[in-house]
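Chains here go by letter, A, B, C and D, matching the order in which they are written, and residues are numbered from 1 within each.
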Amino acid sequence: MNATINAPRNDEALVLGALRANIDRIDRELIELIARRVKVAADIGLAKRVTGKPLHDPSREDAVAQSLSGEASRLGLPSRLGRELALLLARHGFAAQLQQSPHRAGHEIPRDSEGFRLARWEPGRHTIVAVGEARFGAGLHEVIAGPCAVESEAQIELAADHARACGVRVLRGGAFKPRTSPYDFQGTGMQGVRWLAKAAHSRGMACVTEVLDPAHAAEIASHADLLQIGARNMQNVPLLRACAQTGKPILLKRGAAATLRELLCAAEYALLEGGQVILCERGLRTFERETRNTLDLSAVPALRQLTHLPVIVDPSHAAGKDELILPLCRAALAVGADGAIVEMHPDKCAALCDQRQALRPSQLREICDVVHLVRYDS
Amino acid sequence: MNATINAPRNDEALVLGALRANIDRIDRELIELIARRVKVAADIGLAKRVTGKPLHDPSREDAVAQSLSGEASRLGLPSRLGRELALLLARHGFAAQLQQSPHRAGHEIPRDSEGFRLARWEPGRHTIVAVGEARFGAGLHEVIAGPCAVESEAQIELAADHARACGVRVLRGGAFKPRTSPYDFQGTGMQGVRWLAKAAHSRGMACVTEVLDPAHAAEIASHADLLQIGARNMQNVPLLRACAQTGKPILLKRGAAATLRELLCAAEYALLEGGQVILCERGLRTFERETRNTLDLSAVPALRQLTHLPVIVDPSHAAGKDELILPLCRAALAVGADGAIVEMHPDKCAALCDQRQALRPSQLREICDVVHLVRYDS
Amino acid sequence: MNATINAPRNDEALVLGALRANIDRIDRELIELIARRVKVAADIGLAKRVTGKPLHDPSREDAVAQSLSGEASRLGLPSRLGRELALLLARHGFAAQLQQSPHRAGHEIPRDSEGFRLARWEPGRHTIVAVGEARFGAGLHEVIAGPCAVESEAQIELAADHARACGVRVLRGGAFKPRTSPYDFQGTGMQGVRWLAKAAHSRGMACVTEVLDPAHAAEIASHADLLQIGARNMQNVPLLRACAQTGKPILLKRGAAATLRELLCAAEYALLEGGQVILCERGLRTFERETRNTLDLSAVPALRQLTHLPVIVDPSHAAGKDELILPLCRAALAVGADGAIVEMHPDKCAALCDQRQALRPSQLREICDVVHLVRYDS
Amino acid sequence: MNATINAPRNDEALVLGALRANIDRIDRELIELIARRVKVAADIGLAKRVTGKPLHDPSREDAVAQSLSGEASRLGLPSRLGRELALLLARHGFAAQLQQSPHRAGHEIPRDSEGFRLARWEPGRHTIVAVGEARFGAGLHEVIAGPCAVESEAQIELAADHARACGVRVLRGGAFKPRTSPYDFQGTGMQGVRWLAKAAHSRGMACVTEVLDPAHAAEIASHADLLQIGARNMQNVPLLRACAQTGKPILLKRGAAATLRELLCAAEYALLEGGQVILCERGLRTFERETRNTLDLSAVPALRQLTHLPVIVDPSHAAGKDELILPLCRAALAVGADGAIVEMHPDKCAALCDQRQALRPSQLREICDVVHLVRYDS
């Protein structure tokens, strides 16, 4: 009786089993085809190495993806399937090419890096950006220092004295200030830029200041040696382009809620205009309140895997407290950053903005002592 | 001259071209094989539907992945390639099976849902959890209400009067309180549970209270009708298991930094013990300070795509301000939640904890009027 | 023996006790003085009400804070103490003035609202912004709809047909697109703006498009009726000013990591130039991946407590999935928003950007049906 | 004419002016009273220092707040005003006492630290926790190492060999694993604890393992030397208490969305049971995807300002990639951590969980070389 009842069930099981065996056969064929494909990819890698061609060729990858998604559509499959397969094959094909390369170094090629082709990591490439006497990315550890805001000529002159005495080679100072509220101090504008440049250049230092408006880029660049694009403007494309077109290098701060890939895509806009870029990690916005932002020091080694651009760290804005800056500068150097940018005010008690995080000159000296030790000894 | 120089380059180009043509041929074969495979998968879907078998069969998917990664290794490929291919094929194969199903409804099957097999969405399935007279998941809109903490017998009796008068069917009250600091009020413990149960049951209501310690689960379950697992304990596996084993349903709150998938995986621990689960969104921890947490109302429709379990919302903890609760309850219902859990204190000014967010009885009435309208009219 | 040993301890206890009694006496005097001050403040409130003066007078508060911090310094105290005391007194003095006011409505005056004096909430004030026939803030529920990007004249004409048929009064369409990567589609630029304006105006609709560069504001404003400032540019001050100066109203999107107070401070920059502003919540960046961003619907009632400006919601960017838009629009209206802005593409499958979240015309109709019901019935 | 019209306005101005002059008089009296109070507070500080009493006396602060809020109510003011005034006075009074103290060191006393009275910072106090031969908080830099999971006796024996050879003094290994999904490997349980203890003790090392269930604490403590409370259980009070009661020290991991103050409040639960606690920063949950979590290295110096407890760092879980561990260990030491806990697997490719982040033995040696240099040379 049971047998009779089960009979159809057995038939079904047979049908399902047959269909699945069919699937298994196809799967074996698939994997064998892929193995053959990987071998061909390895040969291509060899061919490229011999001729000095770059291993990674986005246009070829695009062509394959196009072709496979077209084939998929033709066969009644979702075109997405074709693209996904192309991606899978490209990744493993590239890995095979890489195994033919001597520059492997345990490093993964950045995936999904189509958005930052110029910025992305390549074996053995390290970009060095020169700003006055300073060299970012050369294994030295530069400290950029100066007040949050250029408040007056006297103040920036005094700040420059202190900075120079500590061995600082790039003086910072904000002239156009990006403030949350319109009722806060908005900076001294172009006058401040001129004061800053004079204070720096007369002492043999370079200087950096933030640009807020694309229309100001050229004029500011005629005074400053490095143009800062602030965290709030990281994805301000007209500003990125305008700054890059001045020919002066850019200090690009990571947005408080920006991923590393978004940072690199933003840098790419400047690189495409022929610009030079130094990246700067300055803290993520999180729920924690003991610090103003959460400094993401892991970003430094993570960026090393993704890009050849120099990376520095801004512990002042992240910590928001002067007494945390020294340990964080130590950590930034330990984690492999190319330098730090810190806020120092010659008269902390009188600072017009971000007073809590401003270093006193003596604290800056302590930090520079740590860093110069590294600069000259290592 | 140039010709001579270019000659090797042309040879290389020829080699590269040939290799790439080879690749293109393989790719066409691959996509054709996959098209055949998808057809077989569609047939399997038909066979399953005829026999009433579930479309999704994780053990089969596991077997295919095992087999493909084994084959990959055998052929000198990374076994990961086999697993990735299996995943890609499973997804598209499943999609093909689904097209044979009448329950499609524009719905995507949850991907990467291996971690919550019992909780995950299936076409046409909606779980209803009964708690006393209340029905969560039945298209009604239940309001669970009561004080943050059971402070005394008199207070919970008074709260129960107000709640009952508003038509509430499940009374809430915390007896074991999970407080940030040990110096805060820790609750009235098991005595409070008994007061709560008496206040609720003597008025024909059910009650819910939080369990903090697996060792208390059985005793609390002998009084309460629904066991709350708080946001801080969402992934407390011994507690999930102990509560599920009591046979009483569980109100599982989403952790303040938990993804929806993690919430469903946590529910799965309880479901595997035979438990019943109502999910509760109660706000994410973000940087915003105007509200205590950021209520994620999108989680409600997003969970509908992932699971068949009922979903309610806790606007009290999220907003942290009583005047925001009514609009958020309105929004919770509009977005499709099965109900809300709110804090109400009969004497707001005297509340021992979370006073700011406690509703007055008149505010609760207003909320319930909105909800009952929906309950009886729709 | 013990007595002898304890003697000095008793003396110390006596000294400490005497000093503390002294403190207690001073404290009583302090609180009595403050009580007198609060009475005077209430009288001032009455005087202001009689004469129709605004209750809140920031310049007076500034003067008091200045004076108290000066006094504090003169007496050898930290000037900060003076400012803190002034703040405490101002808050309670203001509360006393408010009690003389008939517009109380259980509402707290926004604290720390110095940064957005023009934007901040005042009793009974609701700003209405007119855009073509649409009225934002008038208790109607407007739906702004259209494609993410203006791709061609034909596409925007078709989109406009669908939108108009649904009763939409403001057509959206991005011409200058803020894309993460420079390799993504960057929009059709000023040509796209003209196509958009023609498509809208020829059908009696108004239109909105995003401005990226301050230098483009005037030209775009000569075509568009509402200028969008995107989430990435929320704190782009030159852009805020340039857009406000055109005389056209601004749709200001909240940054993905911006607090509500920062949003209002950003709006203040535009209001100070004489601009009109509609605020737009469009989702916070969180760890959750089921939705693209976490829509913060609590922001709507929270903003109602802080400002008189109209508030709408953008569920398309937040959810990132078309099937979640309808429930989120329902929730947005339920929570009290003045409207929603959604993405609709006449041919979803062909959309050049943000395809996943684009509504089909039929989905837009469903949403508008929900909203028109509210528009005409309530 | 105008004069007549303006007359009342002048009268009002006179009234307002008079009332404001009244306010100004009261304000001057207030600030003078506070100056007197601060002087008395300084005397109290001196008295306390002479007699060796602690400067900070929460019960006295409570009494003053009680008294002032009572007085406020009596005078018809909100009692909140009394509490706020008490807080303001306590802060400045305490600052005055502190100026009499020699231990100032530029350090702020932690504010709002009522929730962690035992854990909170005091001048000159540093707690050292001994675990076997290791000393956490003694200025040494301990590296705790071992596999994520104890998989078998052979595996943990091999891991112990490698760890010992690198100079590790505390072996880690998870036996009860807190996994997101119930379908993931759940650990080897009590058997695993015994294998771990034998492997460690037979080589002169101590060991640490995670406790998930309060009911297991005593038995695990009979084998392990240090009990880990994981990030998901940071606020699991029954577990904190059960572990503290065993007499073994606790390694308390910060929750992925927990503030530093919440971490210290959690530690307080254990300290109140007589427990010893080592704190561990292991990364915050953010939107960034290049790393598994965002390691908050600023937490180390920030915790130094709040507490006397030792602090270590877990870079393995935070980074989620083995190649980032060495730079992050360097940074952890540079920022002042008392040590690090890292995952090492004797056979990385075979690891059953968290494989991507597991160190190979050679990588562990490199890390320990960095750390031992510090341990023995400084």
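Assume contacts are C-beta pairs under 8 Å (C-beta built on N, C-alpha and C of every residue); 3 or more make two chains touch, one makes a residue touch a chain.
Bear in mind the structure is a predicted one, so any value in this text is a computation, not a measurement.
Interface comparison, B-D against A-D: more C-beta pairs in contact at A-D. In this assembly, the chain whose C-alpha centre lies farthest from chain A is B.
Inter-chain centre distance (chain A to chain D, centres taken as mean C-alpha positions): 30 Å.
Note: centroid distance chain A to chain B, computed from Cα atoms, is 35 Å. Annotation for chain A: residues touching 2 or more other chains are 257, 261, 285-287.
If you check the complex, the residues on chain D that touch chain B are 114-117, 178, 180-184, 212-215, 232-233, 235-238, 255-257, 261-262, 265-266, 268-269, 272, 285. Note for the complex: chain D touches chain C at residues 9, 12, 15-16, 19-20, 22-24, 26-38, 40-41, 43-44, 47-48, 50-51, 60, 64, 67-68, 71-72, 75-78, 81-82, 84-86, 88-89, 92-93, 95, 285-287. Those residues of chain D that touch chain A in the shared complex are 106-107, 257, 259-261, 284, 286-291, 294-302, 305-306, 315, 318-319, 323-324, 327-328, 330-336.
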